[in-house]
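What follows is a short report on a single structure.
First chain written, first letter: the chains are A, B and C, and each begins at residue 1.
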Amino acid sequence: MLLPLVLALVVIALVISSETFARSNYRQLGVSSGVVLSFWGISGFLSLYFAGIGSYQSYTDRNAKVSTFLCTLATTRHQIFAAKTIAAVVYILIVLILLAGAYVILLMILPSRPVLLNPSGLLGRMIFTAFWAHLAGYGLGLLLGWNQGRIIPTFGPLLLSIVILCMILIKGFSLSAGVVLMLAAAAALGRAWQKFSTMPLQ
Amino acid sequence: MNIQNKYLIKVLTVGLICLLVFTGVLFWARQFCQFFLISLGGMYFRDNTDKISTMDLLGDYEYDPNLINHSSVWSSVRWRSWLGLGISEEYFVEIMDFSADKNYQRENYEAVFFDRQTGLFIHGNILGYYGRRAAEGKVSQIFAYAGPEGISPQPIEALGRFSESVAGVMREGEDQRTVLLAYDHKQSCIIQIDFNKRTVRKGPKLPANSDHKPVQIGEISKYDSIYIAWLPPTFKAIDPSGTAHPKKLNYENDISSNFYQIRPHFLPVLYANGEIHKLDTEKLEISSRLGHLPGPKSRYDMRQTTVPEDLLDYKIQPLFVKGQYRGLFAAGLSRQGTRLGLAVFDARGRFITGNNTHLGQQVRRQPYGPLFQVLEYLLENLHPPLLSVVSVFTAEIFEVESSYRAMFVMPHSYVAGYGAAKESVYLRVLGILSVMAPALLLGFFLAVQVARDAVLVGFSRSAVWWWMAGTLAFGLVAYITYRLTRPTIRLVTCGNCGNLRRPDQQLCHRCRAGWEATELAVPAWRVFDGAATQA
Amino acid sequence: MNDMVVKIEDLYKYFDGRCVLNGVNLSVPRGCIYGLLGRNGTGKTTIIRILLGLEPATRGATELLGAESNRLTARQRGKIGYVAEGHHLIQNYKVGKLAQLCKNLANQWDQKFFDHLMSTFRLPMDRKIKKLSAGMRAQLNLALAMAINPELLIMDDPTLGLDTIARRQFLELAIDLIQKEGRTILFCSHILSDVERIADRIGILRAGKILVDCSLEELKRRIKKLRFIFADKAPSQLHLNEIINQQSSGREMILTVANWNQQKQAFMETFGPASCSEIALSLEDIFIEC
């Protein structure tokens, strides 16, 4: 929970510093667009972050045999996986809502055109797309974290998440990008579920 | 859920991830090739059309006995800004509000721009604008809000709201004040907004059919990457010493071929059906036809008009001679950016002449040009064949801008070009097959590999066929998916046929024998409940 | 004791092409203490892991409490206590936190009994699992498994790492548990004296197959170790079925035979032994002979 607050503070610091050190009118060109770019950049970073979380969860689970122990209690593998996924979804939503809140507050207090607050539902599309991108990253992390060794669990999710994020670069924060990322998230989580529910637990 | 269903889920999910990753990587690889093709040739390298004589437009000037060269026009394409990705479009259009028709600069920092949130045109002081396109920055002072019903210092309800407007500007009076002319789709009429006089005037209702919906008013251009150059006629002039030397018709005083100079008198309107008409700024109604956008398809027919959505870029430029309108030049760039069409219309809007140029000649003359084109062609053949075939049928359906952001289909591929071809079906199919030959060969090769391995691994016959069909349809993506989802179980020797079989299946997939023969030695004794048993 | 709590039918398991379980058939009736024995690597742990759904079988079917092993619901899993070889617990948790987790997930939890076990074993609640000794982890594992009041208790070498006193305590706990109606225990152990003490039925695995699946009394009755003294040299070749072990030295022959019966006795008498005496076998002796 500390992380979203830190991120929001970073965004505020970046924007305020860019305004504080502005020397000409042209500098103010980047103020409110800088907020948007910060949101985009942080969203991208968060996708990698959630991929890392997923990978870490799976890696730790495999090494510490957590799921092996849990499966001997009154739980099933499906419940364990569902609990992980639901927790991730909630975490992602909280982070995004806090980030969006910081975005809106900054744009309201900064001297920019009101249109930036929500041009054509941009904020809604950004959250929608970013949510699925983060969930896809998490799913990929869950999937690849089970692999033996350290290279694949470490770099695999990051590389695949970068490729998935490139979809946003290609299509922008559009509905089509959101749909594609939704499919990516479904595929990653589906495969992770299938793997987790059938693999031997050491 | 049984094992088969779970394997199906595994294949589908892994396949989808592979498809997303693979097409993403291929997209960037193709972008890389295009970037090199364009940028290494020079940021502003141009492809030009051939010159077209415009002697029919100037009439008497062209028959001067001292004439050396007739007037001509040609067009060229500059930097391909449409290669912008979705994210940059989003930034520049949504955030920076780069669309030309949304910001109308007056002078210094004074500007008029359309605010989508309020649905009103705003006249104000904007500090920090960037060029004539951006309205980003600090709105330090708002002078007035203008809606279809009025103009006011405050955004009151009584002003009404523009639903989806298209606007252009003209300058009026000695003080060259900016007057905005906007077409509102809901009101279906032209609305004139004079911010200085604080007046709003509405014109008569225009026909509401979708073909005659104005798309642009004033400066008719999509991405401003097309350049139209008109060369005036040159004459032989005798200087006081008696020496003859060439002299062009005075460009500034006699000829006007620049939109900005003639804005007060001339406001073209582009319709959704590609026609260009003149806007009567007094009556606020659409008057005479000026021409149409040229349709530079693969089978050239300049008389055929095309719609703005179907062109990657377009531009029009009027010709005035001594204040008199003489004609119109219109250029259009095809969807794939491979053909540039130029059309000339006279003062009555009649088509005079035109040409259609196949672009890319300059690239092919560069030493690396063919290399990158071949590389691009090969990359297109790595794309899943089924999606390449889908590209043929969907190429023309895409909106032009979004076609450059397509990952799964390739609207601008070599094979998709056959989608718009006018040849017979058989020739088109033959053409598609020949262009896709490397992809089909690769798919066939991989399908054979997959089939062989699937038989070894113990897949059923139907599963082998499905894998073969999938590999033929999806090529390398399917092959990678197969390798990732292939069962890793070690095979054991079948006691019946001696081939390798899967230990998790009841029957041998080759000879259909069960497990009668045991793998290990039978124990000599057993002690079970009940009667004594013998092994 | 009519219904089978554990049912294994034609179970095969391959690891990398090597057949570890080769057609195992086993049933454990309700209320029984079943001792599954076998040498290292014979597949005991594999059977247990397959039963609990931790490992997929290559072929065959396994059932626990009437449900397929890989389709056990959470409620059914809540009725099964498991003490694992190696005692896989969440290492970074403290004892108290782990107990709380198990309590929250359990269908039923006997806090009083758990506290009694914790005080008996003298386990600290505020220490991390990874800081406990192997024996303490075994005790904790046992306590967690017992506290849920399981219908079926599966234990894989549960006394590994326990000292003598702790082992005795565990055995008494197991007996206490079995006194409750309808409780069943399936356990593997290498300490055969413990098995002999509490088990009702014995199963012995060898080379992936079940060689023995009967009650302990039946096993002792059917496997005989006999010492024959012959007048002349003991016969070198005996065409007798189900010989487990045969040692000859001069006139003496020591024969271990399965399913000893009158026919076999009559057969041996044809060789005219001078004397025949039975050597008593403990479970450990039988196991070693096997």
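Assume contacts are C-beta pairs under 8 Å (C-beta built on N, C-alpha and C of every residue); 3 or more make two chains touch, one makes a residue touch a chain.
Note that the structure is predicted; figures quoted are calculated from it, not measured.
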{"item": "Centre-most chain [mean C-alpha coordinates]", "value": "A"}
{"item": "Pair joined by more contacting C-beta pairs (B-C or A-B)", "value": "A-B"}
{"item": "Distance from the mean Cα position of chain C to that of chain A, given in whole angstrom", "value": "49"}
{"item": "Chain centre separation in whole Å, for chain C relative to chain B (CA means)", "value": "72"}
{"item": "Length of the line joining the C-alpha centres of chain A and chain B, rounded to whole Å", "value": "30"}
{"item": "Residues of chain A whose C-beta touches two or more other chains", "value": "198"}
{"item": "Chain C, residues touching no fewer than two other chains", "value": "none"}
{"item": "Residues on chain B engaged by chain C in the complex (per definition of touch)", "value": "489-492, 503-506, 515, 518-521, 523-529, 532-535"}
{"item": "Interface residues, chain C side, partner chain B - complex", "value": "12, 14, 16-17, 19, 22-23, 58-59, 206-215, 218-219, 222-223, 241-244, 258-259, 261"}
{"item": "Complex interface listing, chain A residues touching chain B", "value": "25-29, 31-33, 36-37, 40, 111-120, 122, 140, 160, 163-164, 166-174, 176-177, 180, 183-184, 186-188, 190-191, 194-195, 197-198"}
{"item": "For the chain B and chain A complex, residues of the former touching the latter", "value": "6, 9-10, 12-14, 16-17, 20-21, 24-25, 27-28, 85-87, 89-91, 94-97, 115-118, 127-128, 130, 134-139, 402, 405, 407"}
{"item": "Chain A - residues contacting chain C, complex", "value": "64-66, 68-77, 79, 198, 200-201"}
